[in-house]
Amino acid sequence: MTKKIFLAAAMAASYLIALPAAADGDYRAKAIAVLKKDFQPRGQASLDRLAEDGLQAVCNRTGNKPPEYMVKQLEADQLADVKYPADGKLMGDWKSGEKLAQSGRGFTWSDDPGLPVGGNCYNCHQISPKETSFGTIGPTLYQFLKLRGTQPDIQKYVYSKIYNSKAYNACSDMPRFGHIGALKEQQIKDLVALLLDPESPVNK
Amino acid sequence: MNTTRRTVLKSATASGVLAGLIAAGALRPTQVLAAEWNKAAFDAHDMPGALKGIGAGATADSKDLILRLPDIAENGAVVPVDVVSTIPNTSSIWILVEKNPSPLSASFDFANGALPEVSARLKMGQTSMVKAVAKADGKFYTAQKEVKVTVGGCGG
Amino acid sequence: MADPMKIRAQLKGDVAEVRVLMAHPMETGQRKDAAGNTVPPHFIQSMTVDVGGKKVVDGHVGTSVSRNPVFGFKVKGAKVGDKVVVSWVDNKGDKRTDEGAVA
Amino acid sequence: MKPSLVGALCAVAVMGAAFAQTPRKTVAKPAPQSPPVAEAKDAATLEFEKFRAEMEDSNPAELFEMKGAEQWKTKRGPKNVALAESCDLGQGVGKVEGAYVRMPRYFADADAVMDAERRIVWCMVEKQGFKFDDIAKRPFANETFTPDITNLVTYVAGKSRNMKIDVPLKEPKVREAYEIGKEIAAYRAGPYDFSCNTCHGTDGKRIRMQNLPNLSTAKGAMSGVQGWPGYRMTGGVMLTHQWRMGDCFRQQRFPQPKYASDAIAYLLTYMIGNANGQVYKGPGIKR
């Protein structure tokens, strides 16, 4: 651990200690106590899901706007968590990616934990022009190759973004699909292809 | 008119006498009300069969038969429909959904001052043509409109 | 026993707008329950509407009318206070008659 | 996931761990994209709205309202008492008019902030002698079953038709419930890092074709209030706010909130409180 990181952690700690009293009163603590008291496990949704991990804790305490020095560190840490394919290939099959993007299932108390988890992509993004029922929580991904394809390391960026969205936006609304084990390596490759394969309807 | 029948029906509902009669086969439920439920028409599995069942061999499209339906159904389980006939002497109206497993949805006979119009709510399993048929002076008239269904209404 | 209907009849000019809500599952016979068993058909087949002691509508219904059906009719020549009586019978012989009045 | 539920110190410990990782070379971050187009109402939504008034005017919810009215008046339960002669919804015993739009509120007899459904359940338990666990076992309607509580809530809601929402936020206990509810709405956790606000904290967003109200605004909060309890066209079932909140948590990938609990009452205080001053149109119809 470098001295700089240690300093950042120490600053974050003092920031967090200072924050709840200043901004939240004790309502936040009370809210957490209420959640703990008033929820019950059901299906695969166990009570440990109510606990924050480190990143959630920071986002929750800062209204999803951590100070800049923390953002850099958080994003770097999340990026460090991304595991890239051993074969170095980041593009899979866009057709499989499209199917995966359509499925919104997975992780709810009513989902069968034995069944594969969907990508949930169309819930929030416009992707293929053929699918007109799309959400708008995230940006449109239509014409992705044309709009973004010239960026350096674009495949690596897309793979990493799907694997762990927080590597690029510490408090992003988007889930960390690889980090939590929701999507496997091949599935993420297929989604990369959906966005970057010139044959994908996204780029037609 | 059947004030008597209604009284019988009401008191029977309270006492359960009628249920006994039905169970004994003395009085079939459909006979309590006037006309028979047209089994052949309601059980038909396609539009020609249903039209044949209601006796509508030859039909003609009429702009005086107004069918009001959404272009896109918000939910196929509940599709609002209004049918209004301005064809003189319209005595009956039928509503049919072409792609439903049994296309005939409902039929209505009007009398004693009832205007030949009806509103109802339909189930639609998929995008389909909806057809209204009106009968006036023994002739059959039709109107139709396609309704797009994105969420089907027959699977529950 | 079947739940009561809700009947509303409003006079506009000399036309009564009659609206009926019926409590009925209107099972198509195609739906599967949570256990995967097919739910048998159970639907209203016939209905009548009487206004002021005269039968005005004689209706027949199939499985593709929505659950908890809603029907609207218009009756010319009705007066405030006229009794509105609606009856239905379903494919199992269950039935229901309810009354309202033109307002 | 480490349990760090209460207090800042815990979180700092977790934070320390998060920061202890070695930084890696950052991949270039592409420029931000142009915003999505779909803010304007699409043709489908406009088409639905054309038929909305008609659907609302003849809403099967009235059937449940009617049944609830009957059950409100009828002597029921082990104590054989009618709610009409025993239950105070905040406007006096048995008084139903305007009660729904003035809840959640604080009830001293229960020492709790209660939304309408929670309060009626409390009356059923305390006044009529029903067992809470029996009610909580099957609290929501499905295709073959509608619980009495759903009918009762629908009836009570219908008695506030065309009245203004007036949650008494000036009462300290209600105010506190509101503030806690606001924190619950902002709390991100679970496998997807979702909070209520992930979907309901910004204007003009939607999931697939479903518009998402921003519950922090008066207008958005009202669209979270309007139409509940609602007759759901899918399945033809009558569902309440308690159900709606629970189903949001399901989709948030959270565990299940307990029926008629503080958590739901506080969240409802926040949402309905934000809708104060706007006119409630009674039980509605939902897709």
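To keep things simple, chains are lettered A, B, C and D as they appear, and every chain counts its residues starting from 1.
We adopt the following convention: contacts are C-beta pairs under 8 Å (C-beta built on N, C-alpha and C of every residue); 3 or more make two chains touch, one makes a residue touch a chain.
Nothing here was measured: the structure is a model prediction, and the numbers come from that model.
By number of C-beta pairs in contact, A-D leads when A-D and C-D are compared. The chain closest to the protein's centre is D, with centres computed as averages of CA atoms. Once the centre of each chain is set as its mean CA position, chain A and chain D turn out to be 27 Å apart. Between the CA-based centres of chain A and chain C the separation comes to 52 Å, rounded to the whole angstrom.
We define each chain's centre as the mean of its Cα atoms; on that basis chain C and chain D are separated by 33 Å. Multi-chain contact residues of chain C (touching two or more other chains) are listed as 26, 31, 66-67, 70, 72.
The residues of chain D that reach two or more other chains are 58, 143, 209, 233, 235-236, listed in rising order.
Touching of two or more other chains is recorded for residues 77-78, 119, 150, 153, 156 of chain B. For chain D in complex with chain C, the touching residues are 58-60, 62-63, 66-67, 143-144, 231, 233, 235-236. Residue ranges on chain D touching chain B, taken from their complex, read 43-44, 47-48, 50-51, 54-55, 58, 143, 209, 233-236, 287. Against chain D, the residues of chain B that register as touching in their complex are 70-72, 74-75, 77-78, 80, 119, 150-151, 153, 156. Per the touch definition, chain C reaches chain B in the complex via residues 15, 26, 28, 30-32, 45-51, 53-67, 69-78, 85, 87, 89-90, 93, 95-97.
For chain D in complex with chain A, the residues that touch the partner chain are 1-9, 11-12, 14-24, 26-31, 33-39, 176, 179-184, 186-195, 198-199, 202, 204-210, 212, 249-251, 253-258, 261-264, 266.
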